[in-house]
Amino acid sequence: MPKFVKRSSKKAGSSPGTLIYVGKEKTHTSLMHLFSYSKSEIIEKVGKSIGTLKHYIDSGNVNWININAIHESSVIEAIGEMFHIHPLALEDIMNTAQRPKMEDYDDYIFLVVKMITFEDLKNELEIEQISIVLGDYYLLAFQEKEGDVFDPIRDRLRLGKGKILERKADYLAYALLDAVVDNYFTALEKIGEKIELLEDRILNDPKPETLEVIHTLKRELVYLRKSVWPLREIISGLQRSESKIIDQSTSVYLRDLYDHTIQAIDTIETYRDIISGMLDTYLTAVSNRMNEVMKVLTIIATIFIPLTFIAGVYGMNFHGMPELSWPWAYPLGFWSGIVIIGGFLVLYFKHKKWL
Amino acid sequence: MPKFVKRSSKKAGSSPGTLIYVGKEKTHTSLMHLFSYSKSEIIEKVGKSIGTLKHYIDSGNVNWININAIHESSVIEAIGEMFHIHPLALEDIMNTAQRPKMEDYDDYIFLVVKMITFEDLKNELEIEQISIVLGDYYLLAFQEKEGDVFDPIRDRLRLGKGKILERKADYLAYALLDAVVDNYFTALEKIGEKIELLEDRILNDPKPETLEVIHTLKRELVYLRKSVWPLREIISGLQRSESKIIDQSTSVYLRDLYDHTIQAIDTIETYRDIISGMLDTYLTAVSNRMNEVMKVLTIIATIFIPLTFIAGVYGMNFHGMPELSWPWAYPLGFWSGIVIIGGFLVLYFKHKKWL
Amino acid sequence: MPKFVKRSSKKAGSSPGTLIYVGKEKTHTSLMHLFSYSKSEIIEKVGKSIGTLKHYIDSGNVNWININAIHESSVIEAIGEMFHIHPLALEDIMNTAQRPKMEDYDDYIFLVVKMITFEDLKNELEIEQISIVLGDYYLLAFQEKEGDVFDPIRDRLRLGKGKILERKADYLAYALLDAVVDNYFTALEKIGEKIELLEDRILNDPKPETLEVIHTLKRELVYLRKSVWPLREIISGLQRSESKIIDQSTSVYLRDLYDHTIQAIDTIETYRDIISGMLDTYLTAVSNRMNEVMKVLTIIATIFIPLTFIAGVYGMNFHGMPELSWPWAYPLGFWSGIVIIGGFLVLYFKHKKWL
Amino acid sequence: MPKFVKRSSKKAGSSPGTLIYVGKEKTHTSLMHLFSYSKSEIIEKVGKSIGTLKHYIDSGNVNWININAIHESSVIEAIGEMFHIHPLALEDIMNTAQRPKMEDYDDYIFLVVKMITFEDLKNELEIEQISIVLGDYYLLAFQEKEGDVFDPIRDRLRLGKGKILERKADYLAYALLDAVVDNYFTALEKIGEKIELLEDRILNDPKPETLEVIHTLKRELVYLRKSVWPLREIISGLQRSESKIIDQSTSVYLRDLYDHTIQAIDTIETYRDIISGMLDTYLTAVSNRMNEVMKVLTIIATIFIPLTFIAGVYGMNFHGMPELSWPWAYPLGFWSGIVIIGGFLVLYFKHKKWL
Amino acid sequence: MPKFVKRSSKKAGSSPGTLIYVGKEKTHTSLMHLFSYSKSEIIEKVGKSIGTLKHYIDSGNVNWININAIHESSVIEAIGEMFHIHPLALEDIMNTAQRPKMEDYDDYIFLVVKMITFEDLKNELEIEQISIVLGDYYLLAFQEKEGDVFDPIRDRLRLGKGKILERKADYLAYALLDAVVDNYFTALEKIGEKIELLEDRILNDPKPETLEVIHTLKRELVYLRKSVWPLREIISGLQRSESKIIDQSTSVYLRDLYDHTIQAIDTIETYRDIISGMLDTYLTAVSNRMNEVMKVLTIIATIFIPLTFIAGVYGMNFHGMPELSWPWAYPLGFWSGIVIIGGFLVLYFKHKKWL
């Protein structure tokens, strides 16, 4: 899971708008993936530099360019120049610690969202920043790594299915955001499963490790929350936007998306509630267990202490202790006394429900 | 009780507006139930397909069609085509994990609410999603199962009683929502009874099971809250709506309904307060009990420890221990010393209110 | 104290606007109490049916009719017909579990408030619902029982004192609400006294019963809060109302009343704070006490355990134990050793401030 | 410190606007203190009745009249008549439990604020109500006692210094409020000192008395909060007021005052945070201390229990116990065994960091 | 770290607008640092009095004057006179306890912000107040000490790099604020590192000192929060400002800055959450540890208590105790009994997972 603050140390002191990649070191080759489509044609191209794709962009088609080269400032700069993107937006694209947001730059709308996937292998959440520059007839999507969450959309495009072909870039943006939000639910479902597993374990076998799992879950939800909450504003911002880029007919889809986001937020809040309840339950379970142990131990001691006293009494060396010489005093008198007293105490504690 | 997240796994990757039923598997026959009424006539019909009912719909009457076939996408699709319902609304109808909401599609208003009933047999809350498509002269109500909560309204219709016959479909929608909200109070009353039962048990006999009941109640209230809170917005949305479907004269009824919803929310919040108070009381009661036990045990030990010391003293083998040979030393001296010291300690602890 | 939810079970399934009394069973005779006044005359009448009072109502005077027959639906219906009151308002009048509210029905304003009195005998709060229908020249006040909180206002009317005679019904409504709010302060003062009593007891003699009193106080404040909070909205609604029924000159009085309500809310919130602080103090006090006890007991045991060991040593049967035969070994050596070791431990624990 | 609720018992049932003094009994002579000033002249007069000051009031000067006779309803009534003050305002002046507020009565603005001073002798906060009636050319200030907080302003007036002389009564009101807010900071500083003292004590010597001090501080902050919070609204109300009494040029001063009030509120909230942190620290410190004690005691017992067992073994009377007759068994064998076992346990506990 | 309240004691009673330095005593020489720049020229000057810089100010260039003489009221007064700054603003400049704020004085905008740096040597946060007076063509920045946070901006100016030269003073103000916010992230990163360090220590070696570190961190975050929160309002105030001083083209930069501030606030809130979670973890860890110790000790005692009883039994002096004279009774019978019983108890406790 990423650190909390990444922005500062590499950047403090540099001029605003300076392009500095803030994220893990990357070496893989950067690729650009273009879809240029209209009702009548679909073109798909993969290139290493923006130059090779230039040809398709001004064709009147809708152009979806997917870029995973956000660690190379030269590439980003070139794209920025070609599409007249503001330096501050470029800076945000490269800063993978950027908070999700929506900014209207008149000619284009700039979006930053967080893709959250659950990595089954590592058994933890993976967060990836996706920046979208949405123009009238183009959409630039910047990803940290070659993702596969948009593959279903690509497949639909390739098959010529769905409404995307009939519409402008704003509907494509909606489709991408919808895919992102759907993924939140997949992540939430995984967390839900973890929570259910945990609930059983807490009551039956509370251990310090359980506590750690609870804290991890709690923190994962904090991350999810930080990613999803701003999305609400982003989508309602798109909905209320007076930008000519967002078609009125897309509004009903955005409303639906907004609704899904609210549902994700609801689920996150519910999980947070459940987890803090679990923390309480865990602490109660642990302390109950400990109390039970201490109680049983104390009871054992309490039963033996009077018995030891009696044994002590008959170990005394007083001269005139008539009991000592009574016949059967030891085998019968003493031991039956011990059994009676011990038994009485056990029964008494049982009666009091202490045992 | 339903799981928290159902939306995602079946849907992630599919195109928005794809009709996928999200809910428990169903096999029973789907039925459509039609009421077509005006001031002068009331027609009631039950059919298996929407086609058989078509005849009545364009009659100028108000038509209430109740459908419990939400697991069959073909039926939903057919209805959607007939009434020109937006694919996203159809998708929400089939998604039983949908959050309650109100959406104005100009030609019709789309509502999703949650019906909550208390199942006496299972001793738990049952949640059912009810989707309503409200047009000028028709109302489609989609239910998960053949419900009986709307039966009183049907009876009133059959008897020709009440104001429903004199009014348009919006009043019928109000009547249905009113029935839903009245049911919330029935559920809340059941929870209220459970709470009262619990309060007695907590003070008199706190057990780990009690804790579990508290947690169940807490979670049930979370569900209720998630169902009722959005209803507030829905009803106030209907009230403020400028849609021509909602008649001005219905507004006073919606205001009343709004008021009831607020009261339900109030009650839920109060219950939540009470339950978290109960949790504290439970923990306090348990720890008091444990403390009492430990205190009594410790006191018993504390009384016997000095006595054991005395017995130990007279078990020593020193040569010149004059007490050992005093007459009556053991039967009188020793035992009365023990009784005096023990008695003093008991009285002292009683005086200190420790015992 | 009333149950939390009363609305539902008697009503679920019935048509909205059906008059069903929701409250305790009542048998006493219902009475109507009329004051018909203007600057020049004051008429007071008591009648058993609204018919007998009809004569006075259309006289141009201001008419204050006090009704305590809210359990008789026929009476309520008759009144509703005479004053053209909406069925939903009548339903609310009979539903004594109604949340406080203000509704403007153009011809009249409908108010529901809660009167709270402290019953000295039962030592608990009593809640009574008061519904007011405020027209231009009439005011209907519906009470659950023959109350005496409005008696000072009646006395002022009878004596012809105060500004009421010179003004329309809206000022009378203000006077009634003012009496209700003044009563909140009386109730709050009683609770304040209880809190002060409790604070002493908590520090000096914390018992489980104290805990119960704290919880009762907490719940009483929840009730008060639920009654007073909505009043704020009601009064500010009256103030901002554009209804012709509320005279502009009454506005300054409503502002004052609003101010009092805020002060009551403030006091309630302060009390809630204090009470949750008290709960903490109680728990701390109890656990401190228990800890003290356990510490003292453990110290006693700790002092005797080494001493018992020494006694045990000299009870051993080793052959060559020279100490045993030393002269004065027992009376002097042993006992002074015991006293020195025991004394040292006591002093050490005192020094450590453990004792 | 004052009780929480004073309004009710003396007033319930009385007509609104009735003048009843709510506060401590007073007997001292009431005095009126007049400053009548303009750019060119400053007149200072002290009188026992408002009549003696009448002469100066209509002179066209700004008149500041300070009155500490708020317990005498006749005086208040006379002043009310002379300046045409609304009876509800007069009632609030005499009710020293009034919540701080600002009310615009067109001809004058009515303000109630709380002066808070820290009484060094009693070591507690003293709260005094100050009511201000601010007209165009006059300002009436009502105080509970002859205060000295306004003395610096009086001195500045006497010396003819500051901007007050050049301005209307609104600037004087600002100056008085500024003095009140400055005093809040003095009180806060005292509380800050107490908090610092307390912090040391909590860590080094936590006692039940410390807990009481914490609770007192907490309650003092509740009082401060209740006094300062409404001031924010009051000042912003003055700022936004469209009354002709508030000159536009005073607005920048009010903005500054508003800023100071926010800072006082900030400080109060910070202190509240710190104090609840201290409460936690106290509880943790106490429980740590107790745990330490219990641990040490238990360790002592744990060391001696096996030793006592060994002593017990060699006190047994079995016939064939060869160890008993070994030479040096007791002085060397036994005691070195004891020392070795005891020492091992001590070292083991030290190693485990339990000791 | 600074005290919480500094405003009051030096100022209470003094006239508003009186210039009193509120901060640490200072003796170093005050310096003024001027940058006068336009697209074509950059002039840098350092002077001891404002007089020596006067010459450059009216040149039509943008003038950035940095002043660290805020402890000398004469200097501040002289500057105030030259630039016609309101006395209240001057007062705020000298009051280093001023809350961050933005005030529009028409001719200039007055800003107070807090610079936060992490002092590695002292290992704590350092807070410095920076006041900015922003006019059309001049910017006065008042610092508490000769800072170096603005050095990168100075370097960029000297090199003639960046957009600053091409723009008016408002962009310079943005650049300064941006540097301040970037520094918050540096401070937050340090705190983040501390938190990570702490998290390890809490689980592995919880000590009272850890608690103190947690409390220090908590308080540092309170300070950061108090500094950063108001900045949000300040920047959004600048953005929405209708002042002619803020150029429309600067708005997009302010939006970016606003976004950074929100991110800083987010991080602070997340840290606060984490730290309160750590507090809980610490308390749980400490109490678990203590419980473990007590449990082990109690188990040791519990094992030896029955054994001691057995030893006591065979130390009794009854006449007929046949076991005593059995051959091998002691070496075999007794000791194997002890081992069996002790072993059984150990195994039993292990089986129960108590050991």
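Some observations on this one:
Labels for the chains are A, B, C, D and E, by order of writing; each one numbers its residues from 1.
As a convention for this text, a contact is a pair of C-beta atoms (placed from the backbone, for glycine too) under 8 Å apart; a residue touches a chain by one contact, two chains touch by 3 or more.
Because the structure is a prediction, the values reported are computed rather than measured.
Listed by label, the chains that touch subunit D and also subunit E number zero.
Traced through touching neighbours, the fewest hops from subunit A to subunit D number 2. Because subunit A and subunit B carry the same sequence, their contact can be compared by residue number, and under half of the numbers here are used by both.
Note on chain placement: the centre of subunit B and the centre of subunit D lie 44 Å apart, centres being C-alpha means.
Work out the mean CA point of subunit A and of subunit E, and you get 27 Å between them. Of all residues in subunit C, those that touch two or more other chains are 294, 298, 301, 305, 308, 312, 315-317, 321.
Put simply, subunit B touches subunit C in their complex at residues 152, 156, 161-163, 174-175, 178-179, 182-186, 188-189, 192, 203, 252-253, 255-256, 259-260, 262-263, 266-267, 270-271, 273-274, 277, 280-281, 284, 288, 291, 294-295, 298-299, 301-302, 305-306, 308-309, 312-313, 315-322, 352, 354.
Against subunit A, the residues of subunit B that register as touching in their complex are 3-5, 7-9, 11-16, 86, 88, 92, 97-99, 101, 103, 105, 208, 211, 215, 218-219, 222, 226, 279, 283, 286, 290, 293-294, 297-298, 300-301, 304-305, 307-308, 311-312, 314-317, 321, 323-325, 327-331, 334.
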